[in-house]
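Report on the following structure.
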Amino acid sequence: MSGVQATHTLAELAKRFALELRGDGGVSIDGVATLAAAQSTQIGFLANPRYRGELATTQAAAVILRAEDVEHFARAALVAKDPYVAYAKIAALFERQPASARGIHPSAVIAADAQISASASIGPFCVVEAGARIGDGAVLGPHCHVGMDCHVGAQSRLVARVTLVARVRLGKRVLVHPGAVLGADGFGLAFDADRWIKVPQLGGVVVGDDCEIGANTTIDRGTLEDTVLEEDVRLDNQIQIAHNVRIGAHTAMAGCSAVAGSAKIGRWCLIGGGAGVLGHLEIADKVTITSMALVTHSIHEPGEYSSGTPIQDNRNWRRNAARFKHLDELNRRVQALEKDAKP
Amino acid sequence: MSGVQATHTLAELAKRFALELRGDGGVSIDGVATLAAAQSTQIGFLANPRYRGELATTQAAAVILRAEDVEHFARAALVAKDPYVAYAKIAALFERQPASARGIHPSAVIAADAQISASASIGPFCVVEAGARIGDGAVLGPHCHVGMDCHVGAQSRLVARVTLVARVRLGKRVLVHPGAVLGADGFGLAFDADRWIKVPQLGGVVVGDDCEIGANTTIDRGTLEDTVLEEDVRLDNQIQIAHNVRIGAHTAMAGCSAVAGSAKIGRWCLIGGGAGVLGHLEIADKVTITSMALVTHSIHEPGEYSSGTPIQDNRNWRRNAARFKHLDELNRRVQALEKDAKP
Amino acid sequence: MSGVQATHTLAELAKRFALELRGDGGVSIDGVATLAAAQSTQIGFLANPRYRGELATTQAAAVILRAEDVEHFARAALVAKDPYVAYAKIAALFERQPASARGIHPSAVIAADAQISASASIGPFCVVEAGARIGDGAVLGPHCHVGMDCHVGAQSRLVARVTLVARVRLGKRVLVHPGAVLGADGFGLAFDADRWIKVPQLGGVVVGDDCEIGANTTIDRGTLEDTVLEEDVRLDNQIQIAHNVRIGAHTAMAGCSAVAGSAKIGRWCLIGGGAGVLGHLEIADKVTITSMALVTHSIHEPGEYSSGTPIQDNRNWRRNAARFKHLDELNRRVQALEKDAKP
């Protein structure tokens, strides 16, 4: 463990993150908190103007805020263009990480030809198979499994119990949370007379630098070529990425969303929780899909897209849902009325 | 293993669970079953009046039933106000549990400062990290990982391959099924100019007494404060609980449902399978959400809520769905007709 | 690892898979690829007539195609009735599998009374509990857990980190991907006055021959009887199968779909990604459910079924969705107009 709690002066934080200091730079900070919960040794932040009123009552030693809010706070402050970004950077100083002893835990099972950097850390009960490479400063927490021909880039971290099945190449600074499975067989089947036969999955998975992959998320390897995440893709928990999918740089997907085989998603997209994208579609850059929507055709224009119906009390919903089953007929009835109404 | 199959007399069961005995208390029972499948040494139960007819044909040695059904069964019976509850309690006597040898399996890796009760059981290939505490009678099955500063309360059971990442506090008698990940990083991101930066997740997860957490379910730790499950919350498999969520006591959620960040769900709620709750919403006590509904605004009144459309054969569905895209226009056409119709 | 890359002549492939050889049988093949990506030592395939144009430009040494396409390709070919099936079979020759040394890895923990075939392979950090049986040629990759009274049939393969909790019986040639959990407690609860009590789950899980079970998929064991997958059932990743479900032979389910308790699904069904089936329903043979549809009543006729609404840009969707909340009222307004319109 990182041991004792860190302490930083305001002046030090201002310098480190290029923020403007207002007031006493000698104020000592030992943590971050919301304005409402902050104690007198912590720094708070005002990112959403809705909470401006809390500046008057917060116990925080100092606050991170925008220039236009400085006048509302009587004590020391750090002025940021984007206080949420500044808060995120400062908060990182106060995060305790479990210790990761350099080197290989004696319980780990390592293939003879695996290449492991001397500065990497391999935790208890890890298995590293033939042809694998683990880069400088990379960390494998307990119970990780780096399969055949998989690469873990420098400074990447498999938090714990991550499985890379085969031909998975992670870039640098990739963060993978527990339970994630990368490089399992894509779901490839052919129907042979009266039963399924398996279509071998000969491709791999390529994950770009700075990607993050959530707990219990699955990314299948490609059929002939690779499944690809470009750099800085951010996947939440329990996401399913099927074989041959390509996800553009800086796209973020919320929990339980899924992308079917061979779909291509653009850059800077936001995919809402539980949303689905059918196979072989293309989605342009800067597209937002709202939660639990299903994308059934390619989307060529940036913008926000949705499907589904609003939530209602069950009684009213039942009545409306029953009418949905006859919506086409209702349209025809209106057409008939329109025809009659015309002179 | 618990070894030999248990046997209990009806009189013993009646006394133990405060049920009324009708008929021969000496009848010996070695298992529970449905009326249809029961053998002559097993006890059946009649919870749903729909199956009353099976009382005449069942081979069961005895039946658990309501007072008003006693007349329909000729042999020995246990009379219960709620036969399903009585059945559940009796069935528990016949459940075989894998043996959990007291003490720490020699393969387990335990941090020097972890506090482990002498009556706890730590299975093979477990990892218990710094600052962790394992309470009296707690059981960790194989491949469990109790991370930094995590607590497992007395009599709690991590069935197998459960990961508690950091700052997770489980109450007493909590049951966690395989593949569950508690305390992983919440999905916190800030957009810094042209790429994502990570918002540190400094909070933890608090799970109340008697909670149950299903296989491959994920519960992220909070950003600044904790993600909280109050007591007796029951989560099925593959559920996603995001950071800072609070779930009220006695709420049950079915498989594949999900709750986005900072949402608050009341007590005695029932959330259907695959349902979703958007972030920062509040749901009152005693709210039922039907399967695959999406909650897009706060719900302040108890009751049942739904969204979605009914399933139909694809041809009709396509026609109706196409009309949905013009529903607002259809409404305007009807308005026009109404206007014309008025004198 | 299987070591060097395999090489096969066209004549050899034709004979082995009963395909018709056109042209030079001595052509040597060292891999499979799409027509677009194939190198001069690989074999391509034409399954979809849409790509026929690529026959003219492909670098492939040979192509698998239908008889009617032979005239469009100038070099050697294998003629197949179903080129996709032929390709799948040929591709399997080029798939490298990680080595699975016969016998039990020294780190594995095996119960004294477990029965393990001498030709089985048990990987590092596996746990095999009391009453378990592992059949001939079966493979357990790293971190697998075969619980109490579980059976793994001959030639079955648990790729890695698979958990069979209790009373799970896998047939022959079953393939289970990492993170899958079979045989966890079904979600059985009874409400006892003011809190939940657990309904013991005394049944097991039976999985037929040739089934495939995806990464992080969960299949709960039955309450009193078994949860059953008949032969050749194919489950993709992150699927949830609740207790007492029965799935008919040759049915395939795509990722993130879910089946609630006691539902029965027929044979040769196709269940789309993210689709749900409510509890206690029956679905006939040869039913297709489209992605993210919710099956709320039994389906007795083969065919394709859907629910949901089409995706739209958010602005139009909001307008239409708002009208959905008054669809029953709209219907009544149209009825009123129809009444007025009638003489």
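A, B and C are the chain letters, set down in written order, and residue numbers restart from 1 in every chain.
FYI, contacts are C-beta pairs under 8 Å (C-beta built on N, C-alpha and C of every residue); 3 or more make two chains touch, one makes a residue touch a chain.
What you see is a predicted model; the values in this text were computed from it and never measured.
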- Message: Given that chain A and chain B are copies and touch, would you call their interface same or different according to whether over half of its residue numbers are shared?
- Response: different
- Superimpose the Cα atoms of chain A on the matching ones in chain C and note the rotation angle, 0 to 180, in steps of 5 degrees. 120
- Taking each chain's centre as the mean position of its Cα atoms, how many Å separate chain A from chain B? 26
- Item | Overlap residues in chain B, where contacts from two or more other chains coincide | 107, 125, 143, 161, 179, 216, 238, 256, 274, 292, 308-310, 312, 322, 324, 326-327, 330, 334, 337, 341
- Sort out for me which residues of chain C touch chain B in the complex. 107, 109, 125, 127, 129-131, 143, 145, 147-148, 161, 163, 165-166, 179, 181, 184-185, 187-192, 194-202, 216, 218, 220, 224-225, 238, 240, 242, 256, 258, 260, 274, 276, 278, 288-290, 292-297, 299, 303-310, 312, 316, 319-320, 322-324, 326-327, 330, 333-334, 337, 340-341
- Task: Flag every residue of chain B that touches chain C in the complex, lowest number first.
- Result: 1, 31-34, 37, 82, 84-85, 87-89, 91-92, 94-96, 98-99, 105, 107, 123-125, 141-143, 159-161, 175, 177-179, 210, 212, 214-216, 232, 234, 236-238, 250, 252, 254-256, 273-274, 291-292, 308-314, 317-318, 321-322, 324-328, 330-331, 334, 337-338, 341
